[in-house]
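In the two complexes that follow, chain A is the common piece, with chain B as its partner first and chain C second.
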Partner chain A sequence: MQRRTFVQGLGLAGLAGGLGLLPGMSFANPANAVSVDSLPKLKGDLTLYLGRGEGGLYENVLEAIKKKNPGLNLQIRRGATAELANMLVAEAKAGVKRADLFWAVDTGSIGMITNQGLAKPLPDDVVNQLKPGFQYPMWSPVTGRIRTLPYNTERVRADQIPDSVMALADTDLKLGWAPAYASFQSFVTAMRILEGEKATANWLKGVNSKAKKYAGELGVVMGVERGEVDLGFANHYYTLRLKAGKPDAKVDIAYTKNDAGCLVNASGIISLTEGDLPINFIRYLLTKEVQSYLATEANEIPLVAGVAPPVGLTPLSSISPPDLDLRKLADIRPTLDLMRNVGVL
Partner chain B sequence: MTFSGSARCKIALVLALSFGSFSSQVSANGAIGDHVNNLHAHLGEYAEEVQWLEDKFGAVVDVYEKQGKGKVDTDVMIEYWEEVDFHSAIETQYVPVYATIWQGIYGVKTAIDKGADASAVRAEEAKLVHALWQGLGAVKLASQYQKKGLIDQVQTTETEPTTPTEVIDDIKVRLDRVVAKYAEQLSEVATTLVFDTYLQRFEGIEGALIELDAPLVEDLEKDFNVSLPQAIEQDKGVDAVRDVVNAMQVKLDKAYALLAEAEKNRKSVF
Partner chain C sequence: MKNLPKSYPFAIIIAVIAILPVGVLFSLASDNTAFFDTRNITVLLNTLALMGLTVLGAVLIGVPLALLSAYVNLPLKRLWLILFAAPLAMPSYLGAFTLYFSFGRGGEIESLTGLTTPSLEGVWGAGLVMTLYTYPFVMMTTRSALLSLDASQINAARTLGLSLAASIWRIVLPRVVNSIAAGALLAALYALSDFGTPAIMGLDTFTRVIFVEYNAFGLSQAAMLSLQLMLIVVLILFIESQIRGAKERPGKHIQIHMHPAKSLSFVGLFSPVILMSLVLPLGIFTLWLLQEGAEGFDIAYAWNSAYASMLAAVVAVILAIPVAHAAIAGRVGRFFERITYFGFGVPGIVMGTALVYLGLQIPVLYQTLGLLVIAYVLRFLPLAVSTVRSTTENQDGGLVNAARVLGASPKEAFLRVTLPLTARGMIAGAALVFLEVMRELPATLMLGPTGFETLATYLWRVYEAGYFGRAAVPGLCLVFISGLGLILMLTGERKAEFSVNESQHS
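Then we have the complex of A and B:
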């Protein structure tokens, strides 16, 4: 990820030239999202491995694609994203191939599959539909989510919150976190890659000494809103959804700068089979209709150009996420070891 | 327990059960085969097994009553229960009664192991026998639904629920299983099942639900993460754990209605 790709007003050519591209990434001027009506009909057999998504909304997308394409025989295998990634690797090792596509809810699992050489390349016109910083030749991000700091607006002022996530280990604020939660572990992986093992271990120890533990990140946000803690660590959509159901909720979102605290992660899809059918299926997920649906119904961040972000979210252009190739988040094992070693898990 | 008594149980059960209470996705202790997917053909066998269990459990209590604690090996009660095909029939069809049977077995076993009065042991035995016949009633009812094709075949592997309302149904079945595992005195398994249910199921729908009823999500969050695990860890007893689960299921019914309505009104993708 190139954080500066979000900065408005910079020319893309100068941007890419100034920063240098990470391996496997490209910067092309994104084409606007296309309408589903411009896509070819899908015909034939496809097997999709689908990581568990948000409340059945991915299922609604798949049902709509099936309805629009009666000639498509879409078989779906569902499960936890990490389990499906392990299954794909195991099947490949055994010489068995069952899936044509893998739609994962996190990039860690995407990295696991691309690292194994199982992904098939995407055509440029698909890659170029994605926003700069999300253009990868071997997989396509679908929607994004940002790491945020939800805070209680009656207990904390925005200017009291440090813009460095590392500084929160030394703060006097009461913190809430969900260390067993997969998104949190991806965030710690990003911190480990960006800041190193020692700094991350110290940060975990520091926060652990003052943080209240929750099972999930919606729990963190609700704990913040109730005032059990001043500030928490959570993906952005939990706060937006809580505020949708409770407009006077005493919670708002803060962002750190240029560090793992404002990591932008993504769900993504990989084609595991050569040919037009899986590629065209991916095109459906990148249409303005699907991107808009996931933005409005699930508060996920559209990653194609020309689709509005969820209401209430600070524009990506105002956020400065860290430089990180998202596929590196697949390196989760050392993160879990580290979290266990310092007594967080 | 007489058959007239069992008939009363069945009538009560029919009133208490709804078609939706039967589960088709299970993780049973016993093998899954014809004896659970063709219940009707095995009803005679199940009735014999329930009678056999009643006699065997009764014999254990008889020995205790006549000869005292040292003469009774109560572990044999678990062996009897695990020996019969009726075990997996009720486990796969109606988990709440399955839990009650385990509760009854441990009620008798614990009373004997503690050297309770024979009258107290007989009271526990009566509850166990009641649960067994109630279980037979549930299996008979399920067999009728099965014959009419109203319930799916029991699968050995779970399939993922795909809609929010299917997720709610699945959560309710899993919570019944929590009570059953706790009643089996497998507290760690029960606690793990609570957390897995939260992370693998509830967490996927609570985002949509909180937009509809934030206090309801707060309540269920507390139930999943505090009330239910604590009831298990503090060993408050099967009735207390079941009370927490029953209260959660009422809230989940409300969640079901809200999510079903929201799905009806949700905008279409294309």
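Then we have the complex of A and C:
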């Protein structure tokens, strides 16, 4: 339910972002999320590998944590998520250890590191803070993102958009997609799991015949906005960020129902070192303040139980993400083979 | 064996170090069985088409600009030279991105002026963008060779009634064809290894396929594809090595006197290049800056960029000297020199990964500025080698002999004759490396010390997240510092000119 209420308000979240709400301000009734003030002070050296910077927003969170914990010497290494994951594996093979934490934007990289046995288990009380469906023993989701269909409001009416993602293979609309983009590949992986290989292959072929390829999903959303295509496939936050910078943008978001088209994926963090410090750092990311901040400022979906989305949002019952174990999304190799076989990649 | 050129031992060591990352690629690729996928034929054709267009465009723009900046008495000559070299300061992916979103229906140009421009994409779009950001390679290598040419032949041709244009075509250009080829080679390798531009323009090239595999943890597939790409690199290197110019004696500097209005009209002819490669992206950034505001920028990023680039430029030039001399000394040396070019043809992300594996063998070096500088040098050494080589090649060997006859030791002859005469090439090479390092991204991200933020990494961070407004300040900073680098280089170049003139008068 929490996810739905947030999604309902996505359109307003950009506006709230513009108001510059500070962490901890004006968020209603966090039932069981922990406050930053109740956490122990962080002390010592900590190295974080941060996959994709997400602009200043993750940075702002990290700055705030540093400011609150003067005894913490936090070193941050940034890079594309897959790049850092490959680096961690290479370091482990060579017996060199530099990172204590790995914060990744996609579950594929998380799966790779946990499969290599590099992750340290999380205590139960950390795992239990997360919403059902997002509780994992070896890694902690931080925020969520939802697959959406951004569409051009001048070229398409909302009621022209089918509510099944599978139906888009037969649509007359001109589509835009970014098959090389990691989030898109996760979405195809979800489709493979939910609908099967054959249906997914047919869907890819169908869409490929009428879709324009973009390098990334920001490109997709911008292509939709400028009318190059009618409808695209993209993570939700690109549309919201575009609209935050350009309020009269001719783009809006549609959702499918209960299929891969509205998959909720997560960014996540892994502890690579035994001990309290990395775990306590993760606790900071799961506080109501940080979760609420990422929701308002980065338009990300809070995943800690009891963190409310920003005030002023009304529930929308028509959004229904599929029920899927996110760890399965790490199985990306068959997805790529499939995409290559049908000529999409 | 006694007469083995002195530069060979150094060149061998440098070549071996340069080939190490390729060795890593082989070991990474050994997990992979499939060598060539027939689906990659289209990718191969696209890659070759992009490379061909880039080389063609870079030569068509770079050579006339080199002539203009080397020979014509332009008003504000230095300013124009800096401006025309400035696209080197702009990361091509940022240029590609802003151009892509400026042109076409609904682009920024349309929303500002109401004029609909044709959209920029595919192989033509990618070729155009690549041209805009690689022609300075051709311009710089050609220019430094042009400056060492002797004017007497062209004067003779003119006296005998050949028109200026014809004498440039028949007398000047054939003598610098090796330098043009050296610049074209750099443009070709850049086109082969760049990821951002073809990706944004929606063109399937080797780098894009490599990137897709890499992101899906297909490290061995990515390594295998990179090795296939290396085959193209080998081919290009071979072709370029077949292009030879005649040996030249340096002499009186060529000057073409033109009415300022006429010479400026030539500059005007090429102004669209600057407009598209520089003014437009920076303008768009400024527009986004005004729309969204900037925050979070730290001037320390600029210092980090400049510092690392300077180190890399100095080290690259020092290493380039023996390699360039070896290349001139004989066929074997030429072979060593060719090997150092591999680094420039490998996509940065693959090179970065290979160097992570190498760096991990020496944990003391891993994630230090030292390793990062080594990485920069391995990637951009060819930039220094090609300029040093082309100026050294066009040098009169008689001068060294004269010095030796007059009693100078080989060392003294090198230090007092050869080195000052190649100073121009060294400075140009250092500047090219400096500019290229300033905008380098993948190796900086993967190999730099943890927390080491440069202008390029910061630009990437905000670009990735879609906060374009914040790219404006670092983007302007990058262009500004690179401009300073260019000015420094040109000041050094002028000093080198004087020393040549003095040696003529005395």
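Keep in mind that, in the parts below, the second predicted complex is superposed on the first by the 295 of 345 C-alpha atoms of A that agree within 3 Å, B and C clash if a C-alpha of one lies under 4 Å from a C-alpha of the other, contacts with A are read in each partner's own complex, and residues count from 1 in each chain.
In this section, a contact is a pair of C-beta atoms (placed from the backbone, for glycine too) under 8 Å apart; a residue touches a chain by one contact, two chains touch by 3 or more.
All of these numbers come straight from a predicted model, not from anything done at the bench.
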Record, for the superposition on chain A, whether partners chain B and chain C clash or fit.
-> clash
Kindly classify A:Ala80 by the partners it touches after superposition: chain B alone (first), chain C alone (second), both, or neither?
-> both
A:Gly133 contacts which: chain B (first), chain C (second), both, neither?
-> neither
After lining up the shared chain so the two structures overlap, which partner does A:Gly176 touch, if you call chain B first and chain C second: first, second, both or neither?
-> neither
Taking the superposition as given, does A:Glu228 touch the first partner, chain B, the second, chain C, both, or neither?
-> second
Look at A:Gln185 in the shared chain and tell me whether it touches chain B only, chain C only, both, or neither; answer first, second, both or neither.
-> second
Identify the partner contact of A:Lys246: answer first if only chain B is touched, second if only chain C is, both if each is, neither if none is.
-> both
Taking the superposition as given, does A:Glu289 touch the first partner, chain B, the second, chain C, both, or neither?
-> first
Between chain B and chain C, more residues of chain A are touched by C
For A:Ala94, select first, second, both or neither according to whether it touches chain B, chain C, the two together, or no partner.
-> second
Between chain B (first) and chain C (second), which, if any, makes contact with A:Arg52: first, second, both or neither?
-> both
Mind sorting out which residues of chain A both chain B and chain C touch, each in its own complex?
-> 52-57, 59, 78-80, 180, 214-216, 218-219, 222, 226, 238, 241-242, 245-246
Within their complex, state which residues of chain B touch chain A.
-> 159-160, 162-164, 167, 195, 198-200, 203-208, 210-214, 217-218, 221, 224-225, 263, 266-270
Show which residues of chain A lie in contact with chain B when the two form their complex.
-> 36, 52-57, 59-61, 63-65, 68, 78-80, 180, 214-216, 218-219, 222, 226, 237-238, 241-242, 244-246, 249, 289-290, 293, 296-299
Spell out the residues on chain A that touch chain C in their complex, using ranges where they run on.
-> 47, 52-57, 59, 75-80, 82-83, 85-87, 90-91, 93-94, 96, 98, 108, 112, 180, 182, 185, 212-216, 218-219, 222, 225-228, 238, 241-242, 245-246, 332-333, 336, 340, 343, 345
In the complex of these two chains, what residues of chain C are touching chain A?
-> 39, 101, 104-107, 119, 199-200, 202, 208-209, 211-219, 288, 291-292, 295-296, 349, 352-353, 356-357, 360-361, 363, 366-367, 442, 445-446, 450-451, 453, 457, 460-462, 464-470
